[in-house]
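Chains: A, B, C and D, in written order; residue numbering restarts at 1 for each.
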Amino acid sequence: MLKVRLPLGACARSWKSVRMASCGVARWNPLANKVALVTASTDGIGFAIARRLAQDGAHVVVSSRKQQNVDRAVATLQGEGLSVTGTVCHVGKAEDRERLVATAVKLHGGVDILIYNAAVNPFFGNLMDVTEEMPQTALLTKAVVPEMAKQGGGSIVIVCSVAAYSPFPSLGPYNVSKTALLGLTKNLAIELAQWNVWVNCLAPGLIKTSFSRMLWEDQAREESIKAAMQIKKIGKPEDYANYITGETVVVAGGTPSHL
Amino acid sequence: MLKVRLPLGACARSWKSVRMASCGVARWNPLANKVALVTASTDGIGFAIARRLAQDGAHVVVSSRKQQNVDRAVATLQGEGLSVTGTVCHVGKAEDRERLVATAVKLHGGVDILIYNAAVNPFFGNLMDVTEEMPQTALLTKAVVPEMAKQGGGSIVIVCSVAAYSPFPSLGPYNVSKTALLGLTKNLAIELAQWNVWVNCLAPGLIKTSFSRMLWEDQAREESIKAAMQIKKIGKPEDYANYITGETVVVAGGTPSHL
Amino acid sequence: MLKVRLPLGACARSWKSVRMASCGVARWNPLANKVALVTASTDGIGFAIARRLAQDGAHVVVSSRKQQNVDRAVATLQGEGLSVTGTVCHVGKAEDRERLVATAVKLHGGVDILIYNAAVNPFFGNLMDVTEEMPQTALLTKAVVPEMAKQGGGSIVIVCSVAAYSPFPSLGPYNVSKTALLGLTKNLAIELAQWNVWVNCLAPGLIKTSFSRMLWEDQAREESIKAAMQIKKIGKPEDYANYITGETVVVAGGTPSHL
Amino acid sequence: MLKVRLPLGACARSWKSVRMASCGVARWNPLANKVALVTASTDGIGFAIARRLAQDGAHVVVSSRKQQNVDRAVATLQGEGLSVTGTVCHVGKAEDRERLVATAVKLHGGVDILIYNAAVNPFFGNLMDVTEEMPQTALLTKAVVPEMAKQGGGSIVIVCSVAAYSPFPSLGPYNVSKTALLGLTKNLAIELAQWNVWVNCLAPGLIKTSFSRMLWEDQAREESIKAAMQIKKIGKPEDYANYITGETVVVAGGTPSHL
């Protein structure tokens, strides 16, 4: 299979596409011929990112743990004329990770972009389970990087949570595992720079989704979480694009900034 | 003058346009009918941002301290078919600030976006001069916010420097004034949220431009600055879009994260 | 057993004692009648902290994985006239955690201070092993907090590493597990405030010890690590007390600051 | 004048004394023969620090803008048997800065420690006034460093505010000037390392003092500020020593950590 690739250019563009998810802007094709894997992408923020990457021209492989959810997401996005396929993937299983990568390589000749969606990993569960998240992220990265290196580079975005910084009350294991992902991002960025693989992290705040329902389902709980997170109202998904404020984005090739 | 406006949507879009500057992607018009002021924009990063905002459909008012530089930038961008005008503006002068805002209001009926480019303020000069930067930014913001409020909201981006976090050697006053801008961003974001004005900061790293020449002009100095900033090579302007790595972008409505 | 306790006062004092470790200052007894558990404390920084707490008047229980190391440390410190006992403790084993706490309660009637020394956990090992560190810290905390609550409060200090922020090259799992401890500190501080248990973290930098030898054993490696950590020379243990510079210490009751 | 000095040891010890202020622990003399300048030290936190340094054995020079306040503070501390003198000092005036340093040199032969108390600079005033704080701090440092260098090193602590990170509502100029001091600390630490001068920052949170009265004087305002600062209650001065929680202290010779 012959592909014309712009290896470096793709990185920033995929990163940008992630942030543009759900903006609803007009079509353009900066990711034409790029191949993107998105985990936990049959619903919510993962689904929105997958759609955006496909709208930007990428071939997208969606995945989640249940076949019926994968089927539904693929059908929806194909119905919009997008280049989307899917496969079941439980990132904790080696064979699932391998199948995910192999699917992309077989269909599209390689992998340029990996979006690892850790925002929707279960809130509860015991500590031991939760700490598997970090190794799983590392292991999926390990499976993908050789394919990116073959293309001359790639872009990895870990979708984390603002709870990494400002803990969600009563969700300690979730919060701490997200903090660990901040460290993983920094370490992977340093290690993978030699292959022109950029690694960044997205920390979404609290949005009213079915996933976060338990945090705002009654009035008292909503007031308490708003105070804890220092926000005046909990965003709706459609507000998402207007939810960056008071932030600094560093564009500095890995120069130490804040954590 | 009658304008159809999408007050909130504009904010995230302008922010995104800033980050897309110099990406060279295909034309789209997410900022159609938006009005953007960009300071220190007749060269370098300011110019690149102004061009990108205009390519995205905005009416852009460029400015800098010298008429001939303004004329040259306006001619270049108008030659590319973009909606660009310009005015001389020394942000430290009240009448210049007022004229900048008035120009936008007169020509286009309002202001939606302000890009305050502080990255290229002089490296040297005495401490007292440098600390004027923060009040000037605040004063220009003050002049612009009423116009944004009339439109239902707006977006302000302060272009700062990674030196705010990792000091450039021997440039203490520059570095500290940039750190102050991080604080200003956070304070303005809180104060201006009531008018739907979002305030963010962009911290570019070291790039090989004429402005930064003194930091890398001889081999020894280049090695020393690369060690200080922990980068393997100093980026060129065209690398800029691939220069984000190891970073976390927080999209959380102002929830406390890192500074 | 009857003890006069100053429950709150003890917290700041234990914290201070940790930082005073190896300062070699004159004797005083701010921790008289306090009971302190210190893990991984038969050598290096853990041993220095245990000694300092005992010099400040506390009854100290040292521990590590090997009986002979415990015996040696106890003999040394008792030989200095200090109130020190010891027990073998592998923090990953529930029975060891329980025995550690039970030892303190049996001998001294309670626990006021816990120093969890995670700085010297193994550099290598696979990802899955390393991520046990965070749950182990949480589990030991869980075992200790009821005893602290009975006394009206207590103080927990997690000894982490600056690698949590600035990765040690090639030691990703170590680095990321330390980042996770930053998050754990923040979460525990919030959760345990209701029992007047303060939780803080100490992030030591690179010091020339036997533990860190692999990072500086040849000249090339030493130059590379100094560049990565941005230090002019690697500290010796005796420099330790003079090794805080460029830092901000926040004394603000948990107000969000940096991570 | 002949003095036996332990130049490096003094640094960490003065830093520790600052944190011990108001702890009320037993007397010891780690700062014997050391000379400390403390600005804005005739009341509140500055006074508490001055007292602690003197209790630890230092010769202390207190200062503030009014002669009668200086006289009162000196009389109080001398009445406690401490080695304290005083001089009027408005840090914004060159002759006052010089007199402050000269007083210490004349009486005690040098300067080892400078505590610059910026926490109590006026809340209000126009932006231009407030931004003088950073240059003033730099200028006083400049006046003191040659004296420290003569002694082989020294320690500077800038007393800032947690508002540098978490803005006090409606006090933008105060907040931003405190953020600038974080940057100044980092820059000075790098620049002054060559003379063994350590520079650190202390960021106290909100405490019920006369200075902060306007932030909590009525019930509604107190509730609002507690929510903004994410604290359950506003500390009293005597709680101060127990007010560190959820924090990480980095002891790493200047390795980049958080800002």
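Assume a residue touches a chain if its C-beta (ideal position, glycine included) is under 8 Å from a C-beta of that chain, and two chains touch if they have at least 3 such contacts.
Quick caveat: nothing in here was measured; it's all calculated off a predicted structure.
Q: In this assembly, which chains make contact with chain A and also with chain B?
A: A chain counts here if it touches both chain A and chain B, which gives C, D.
Q: Between B-C and C-D, flag the pair that has more C-beta pairs in contact.
A: Higher contact count goes to C-D.
Q: For copies chain A and chain D, work out whether under half or over half of the interface numbers are shared, and give different or same accordingly.
A: The interface of chain A with chain D is built from mostly shared positions.
Q: Name the chain whose C-alpha centroid is farthest from the C-alpha centroid of chain C.
A: B
Q: Distance-wise, how many Å sit between the C-alpha centres of chain B and chain D, to the nearest whole number?
A: So the centre of chain B lies 35 Å away from the centre of chain D.
Q: Based only on mean CA positions, could you tell me how far chain B sits from chain C in angstrom?
A: Those two chain centres are 45 Å apart.
Q: Between chain C and chain D, what is the gap in Å from one C-alpha centre to the other?
A: 28
Q: Can you pull out the residues of chain C that are in contact with at least two other chains?
A: In chain C, the residues touching two or more other chains are 164-166, 182, 186, 190, 230, 256-259.
Q: Could you please specify the touching residues of chain B with respect to chain A in the complex?
A: Residues 8-9, 11-13, 15-16, 19-20, 23-30, 160, 162, 164-166, 182, 185-186, 189-190, 193, 198-206, 229-232, 235, 239-259.
Q: Within the complex, which stretch of chain A touches chain D?
A: Chain A residues touching chain D: 227-228, 230, 256-259.
Q: So in the complex, which bits of chain B are touching chain D?
A: Listed in rising order, the residues are 127-128, 131-132, 134-135, 138-139, 164-167, 169, 172, 175-180, 182-184, 186-188, 190-191, 230, 256, 258-259.
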